[in-house]
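Each structure below appears as structure tokens.
Shared chain: chain A. Partners: chain B in the first complex, chain C in the second.
After this line comes the complex of A and B, so read on.
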């Protein structure tokens, strides 16, 4: 199991995967918006998206878990 | 006469505007979001009002709330600074409706220059050269392909309502075009609420050189020479200098005259900047007009001795310009380095807690900063936290002062671009003046 964490504080701008989807290592999972910039957050390993912990528009802090991949 | 000004902005520019107001004996009203309660500019103003939650839509873009605060505080004018509501036609018009002076041009000029396509066409009509490209929004990808063939690759694909480099992309081939067209149009729709795209020929080895203008309500207009802002990352400026070391005196004169001619034809009022791309042969092409004060205005102030904010306030209160073109001359060389809270390698933002800050000091050093020690840089706003401005009697001296100043600029707790700035100012090509817009990608190994 792998947790996809925010690398910095910001707003969740877009969630680009769905629960149940097969994702590859390096694939973008969530795009954060921080300081007027889009920050893509990628999966560190391949797997299936088990859970999305955030919704678009949510505010997240550095290290918050955004998604869980199995 | 303006007696009290509300500053509809935050950070370093709010502090900068307050400073000139104090010098002129004008009362100031600051607004702030919940994220900016501790910001230095808030306590600098005579009065301050909380306008809402951290997100810009609920605070710094909240037109009705800002107007209500201006009325409550009995401010008679609003200075919008840059960004936020500064180029918002509806806001300028709302101020007018409410009997408040908007310190900037009229809503209709803001609208015209805000649409890049309309601005290109207006300049073309006035006789100002524009970059070869399309004169209307591109409806479909098939049209885009045809136009790109006619103009010739590489082309710059741009969003008509764009800014800050968003929705903009260099395209080298037809294969790239379809994907770029759709993606950028969608992005522009999301960010600006308008997905209209147009294209321009990409000018190779271009320099970004802009002309600062001032125009009053009595038909007088002058230019305050140029700024060269070629050092950019992600299409955003990093280092600016005035004057440009590249253009000849005759090009300088022609660019200044073109800018003055344009603002007179547009019946433009207040401070503004006309941005041009300049090619290797010193041909210049209109890029866009910024209908507000610009981030890099201090370098123009340093070489002309003019306080641009003071002129903005005078013009807005209906006074005629007292400076004539013939009164002006360039004194020395000024450089500005923008301090960004960002990772110097990836350019990703770096919000966080500033534990300690130490600014360089000296007779030829000017600091404009929006932060202080023991202060949180939040993720809600632009990553620019300050500007370091230096002045020398010539470019070589200015670079030496900048190098020294950067080495004593200390910010602890967050990452900043200072290491990158240090590399740039020591780079042989920068020292030589080979400063095209491709400088960072060419020489900074990214």
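After this line comes the complex of A and C, so read on.
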């Protein structure tokens, strides 16, 4: 199991995967918006998206869990 | 036995290091014998070895657990100290420390690079009065390192533990290369932490190579094997002169390989969209010449040595792909040390700027982002090597300053045609300045008003306006950047200036 965490504080701009989807290492899971920049957050290992912990528009802090991959 | 036979017999014994069982346990961990490490490091063996017979009246302490001497790396003499972990776990006795001090003093006298191959359990407690507190005690090693710093390159290859006080050897080196799984640094071991503060933690979590190279930033380069560590060090040294009085050697130039996409293809016009800065770096440097430092630490800022037309250059580049390229406390620290490193050894600097600014928010304010940022500005400002600043896309707020903006005496500030230099980006600026007006407008009119204001703002900070005001020295075709850098660096190489007169600054550390 792998937790995909926010690398910095910001808003969840887009969620680009769905629960149950197969993802590869390095593939973007969520795109945050922070400091007016798009901040892609990628999976660190391949697997299946088990859970999405946030919704688009949510504020997240550095280190908050965005998704769980199995 | 003749006296010659006695000499040979004694030498044979000492050369073998510690007991077989320690050689065996090292081998199981993927650790090479100290003399094998040195054989790989040097072009053709160690030419001079000193105090080989240190502590030779004690059969259990061959060379007192450390090898010191001089040999050639890239055809350049370098001084070396290398712990032998088969001898009392590489621990330091009185003569171990004296040997290290002497080779450092040799490096100082001859102004040669100093390489530390560290694999040591730390002080021999039984010998502490002789090796710890005195004038020629272990503290002197660090004193010497601090004196050597900036005079000659100091490189640490960490093959095993570097415990307690010993952890300061890496700390005072220019660069620390750590072998994953074996290298560690900590002031107090996990066992001590459990006893003294009640914390239960593994060695890897406490001071492992991955942790130090990605979280603490005490380590610079993470490698898998000892051979890889040594090869990294050899390559790293090839970018440096022997000391601060000389310039780096030029090597044969290598062209940029052919890429399908040009620089203008890879840099998005939309300022807010990420791209991979490594792709731009690859398109301006000699093929395969990038020697990255702190790759895994504060990855929103890239620092590394490279060559352009065969000449060494230090690159500091924002990475929009990671954290939007925003500057944080760690990125500022990383930049400050790298800038000092290059300036100390006459390596010209290239700043590739695409920065939304320094991070804001309570978290970073509590971490002291202002003083960390000040550290980066201070280091960047003081350099006297040739310094070129390239505005790739945006340069907002103090980000412009930290990346060697025009006020900080770069030899030139170049801009790509899509560059935006401003206190803040159009979105943030319109929100800040027009907040009241936007709130008063009916909902349906807001988007159009914001768009209009943003367009006006963009026009106001247009790159040609900045060129007209001579804020930037040239607007260039991005696809000609390499040639532009070649032309300019070759001329700026003649630069010979002093930053200012004083003992030293009062640094915002």
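Criterion: the second predicted complex is superposed on the first by the 70 of 70 C-alpha atoms of A that agree within 3 Å, B and C clash if a C-alpha of one lies under 4 Å from a C-alpha of the other, contacts with A are read in each partner's own complex, and residues count from 1 in each chain.
Here, contacts are C-beta pairs under 8 Å (C-beta built on N, C-alpha and C of every residue); 3 or more make two chains touch, one makes a residue touch a chain.
Bear in mind the structure is a predicted one, so any value in this text is a computation, not a measurement.
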Chain B versus chain C as contact partner of A:34, first or second or both or neither: both
Partner chain(s) touched by A:47 [first = chain B, second = chain C, both, neither]: neither
Contacts of A:9 with chain B and chain C, given as first, second, both or neither: both
Residues of chain A that lie at the interface with chain B and also at the interface with chain C: 7-9, 34-37, 39
Residue ranges of chain A in contact with chain B within the complex: 7-11, 34-37, 39
Interface residues, chain B side, partner chain A - complex: 55, 164, 341-342, 348-351, 378-383
Residue ranges of chain C in contact with chain A within the complex: 272-274, 320-326, 328, 356-357, 359-361, 363, 425, 427-428
Residue ranges of chain A in contact with chain C within the complex: 7-9, 34-40, 61-62
